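Each chain carries a letter (A, B, C, D, E and F) given by its place in the written order, and its residues are counted from 1.
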Amino acid sequence: MYTVSVRDHFMIAHSFQGEAFGPAQRLHGATYVVDLEFRRSELDTNGMVVDIGLAADVLKTTLAALNYRNLDEETAFKGRNTTTEFLAHEIFTRIVTAIGRGELGAAARGVESIRVTLHESHIASASYTGRIP
Amino acid sequence: MYTVSVRDHFMIAHSFQGEAFGPAQRLHGATYVVDLEFRRSELDTNGMVVDIGLAADVLKTTLAALNYRNLDEETAFKGRNTTTEFLAHEIFTRIVTAIGRGELGAAARGVESIRVTLHESHIASASYTGRIP
Amino acid sequence: MYTVSVRDHFMIAHSFQGEAFGPAQRLHGATYVVDLEFRRSELDTNGMVVDIGLAADVLKTTLAALNYRNLDEETAFKGRNTTTEFLAHEIFTRIVTAIGRGELGAAARGVESIRVTLHESHIASASYTGRIP
Amino acid sequence: MYTVSVRDHFMIAHSFQGEAFGPAQRLHGATYVVDLEFRRSELDTNGMVVDIGLAADVLKTTLAALNYRNLDEETAFKGRNTTTEFLAHEIFTRIVTAIGRGELGAAARGVESIRVTLHESHIASASYTGRIP
Amino acid sequence: MYTVSVRDHFMIAHSFQGEAFGPAQRLHGATYVVDLEFRRSELDTNGMVVDIGLAADVLKTTLAALNYRNLDEETAFKGRNTTTEFLAHEIFTRIVTAIGRGELGAAARGVESIRVTLHESHIASASYTGRIP
Amino acid sequence: MYTVSVRDHFMIAHSFQGEAFGPAQRLHGATYVVDLEFRRSELDTNGMVVDIGLAADVLKTTLAALNYRNLDEETAFKGRNTTTEFLAHEIFTRIVTAIGRGELGAAARGVESIRVTLHESHIASASYTGRIP
């Protein structure tokens, strides 16, 4: 199995609902450093998992739609706790959509699964891994 | 598959038995920076893999029982080489026990597997991954 | 010159005033990973720059007063842009006060200067370095 | 599943063929920081996944055959794009050969699979994971 | 003293002249991860050391002039060993020129000194620190 | 001012004397990841701060004399607390001696000062910086 991974980040405000979150129920924020990993069994004809330049562009565009925002006010997240693991899945879904639209090029359709990891500090991270439908 | 990971560390003395260990047969020591990763297929009702605050507490408590000790004098490790990979498995076992006791909360019973990684320097690490029985 | 450095983090929401800040004028947030470095010319009688346990405690207490908050609503920061460099200076001031109150122990009065560094992502950081008055 | 991982690096020049590579079609170079991970289900009689000293030696020897070279002039890579993912597979193959020759010791024959990860910068990496034939 | 630091990278081929360089006399290459640190005594009226967006842009533009190149063929480096420390100084000079041209904005003229650090691997780096003339 | 820095590590056992050390009064251990930074105003005729290969060798040799040892039994440290900051100074002294013996080559005599940093975990480090006598 081959992988290629690219990194970028975004910075948001949010709050959580539920006693389990303690002081994180207050409005606060986070920097998320994001690793986006593409996986496939065979390389394409260029010897690539995915065009790494396009991969970086798609990640940047995907994160730009979340960056510098208060997630509590985003209708897409209405009534949801935007935990780190929830956001990892959300970004996974958006990247899958971008691949479907061809934004990563035709060769990227050979990608079999994706892992999205969000580092929220030097001591905590979360991820979502799923197959491309 | 979702994951959440927390990090902490502990500092111990120990020595190894067997020629394969070379100078590490002498009494020496190590700092182990530990990543504890929880894995499950679906999030709980709070949108979490595990309560990250409880996860950090359980990791700290588990490592405290090993921290600032000479492992050669721990009866639990009598006659065993406390290699990094051995210790990764040992910590895995203790975390599984803590989950069984409910120390990570009821929702944590949805966790399916755990990965424990010990970084012993900037160039070496070991891990153990196993399913929760 | 000797130094000792400890690391911790805090997570806040805020917004900036001024066109220079572009999209960061919107309410957003950040994780700040903080390195607190103590500097002195000679070690104390224990062979220490500072009691590292107390140093970690004082850093945690200092950051707890900022953690999980919306800095736009803190009266201490009324009318100020809470940039990373501004916050580095603010934390410097609070640590100096804590040393003056004796929270780092009597020996810590030998500390001559302090550097506070805030890492806001994998590609950006800011710091403030100053002498202890 | 147990793992042990060791890290080393090598520095090469190369260029790529194909419009997809943009400016990387020019002769340029890279530092690759390499993580070599060994995986097996059970520890050997010493309590090890692999002799970590031998593992570090074999990685160093394997990378030395590539280090400080222009890969465009290596006959082994004639007509191939030496992308990061391609090189991860190449190093995987060479490590498997070294294990077969016994360079990692008899116990290393218990290793079931290997992951080779190449970090080409602070924001990009690639890997190849495969079973030992 | 306040600082702000931004990070980016570039990838080049080169070779060295002189027996002291051993195998690095052969054509090879490197990824340089670059930290550019700005230093000044007082913040500007926005509470900033420098506009961090402009700083990132200027660093990217400066590195783009070196990126994906064989430094042996650059006339600017004719007869020079492009060691990591030499390149740190070269980038320092180019950033100082950019500040002089106003590319970092008027407020950046308050910057007093700059440190440029190049990380060439996980175990080696070099830097140049100088005052702004 | 130019710098060049190299990294290596060592692993030791030790204990501390004095109530200020709490549980660290017990025999325990540490991995120290060491950054050795050389500083000078002008490059040598090769365009170097120091021969980086020799620098790595001297650091490895210096650390080998401490590696895999119980520092409580080293006569050199009799009656001393081998704190991280103390060890940073000790390694500084030994590197200065090695430079004086010519182990870093003739050109290294142009080095003006040295910084030795020991990282004892992901959250703590200490250093000593001094001029070459």
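By our rule, a contact is a pair of C-beta atoms (placed from the backbone, for glycine too) under 8 Å apart; a residue touches a chain by one contact, two chains touch by 3 or more.
As the structure is a prediction and not an experimental result, all values here were calculated from the model.
Peer 1: If you take the mean of the Cα atoms for each chain, which one ends up farthest from chain E?
Peer 2: The chain lying farthest from chain E is B.
Peer 1: Taking each chain's centre as the mean of its Cα atoms, which chain lies farthest from chain D?
Peer 2: C
Peer 1: Where does the E-F interface recur among B-F, D-E or C-F, taking recurrence as more than half of the contact pairs being identical by residue number?
Peer 2: Selected pair, repeating E-F: C-F.
Peer 1: Shared interface numbers for chain A and chain D above half of all numbers used, same, or below, different?
Peer 2: At the contact between chain A and chain D, which are copies of one sequence, the residues are largely different (under half shared).
Peer 1: Counting C-beta pairs in contact, which comes out ahead: D-E or A-B?
Peer 2: D-E
Peer 1: Report the inter-chain centroid distance for chain B and chain E in whole angstrom, where each centroid is the mean of the CA atoms.
Peer 2: Centre-to-centre distance between chain B and chain E: 41 Å.
Peer 1: So how far apart, in whole Å, are chain A and chain C when each is placed at the average of its C-alpha atoms?
Peer 2: Going by mean C-alpha positions, chain A sits 30 Å from chain C.
Peer 1: Express in whole angstrom the distance between the two chain centres, defined as the mean CA positions of chain D and chain F.
Peer 2: 31
Peer 1: Using the touch definition from the top, which residues of chain E touch two or more other chains?
Peer 2: Residue numbers touching two or more other chains: 7, 122-123.
Peer 1: Quick one: which bits of chain B touch chain A in the complex? Just the residue numbers, please.
Peer 2: 1-8, 43, 46-49, 51-53, 56, 105
Peer 1: Looking at the complex, which residues from chain F come into contact with chain B?
Peer 2: 7, 9, 11-14, 23-24, 26-33, 67-70, 120-123
Peer 1: Quick check on the complex: what are the chain C residues that touch chain E?
Peer 2: 18, 20-22, 80-86, 88-89, 122-130
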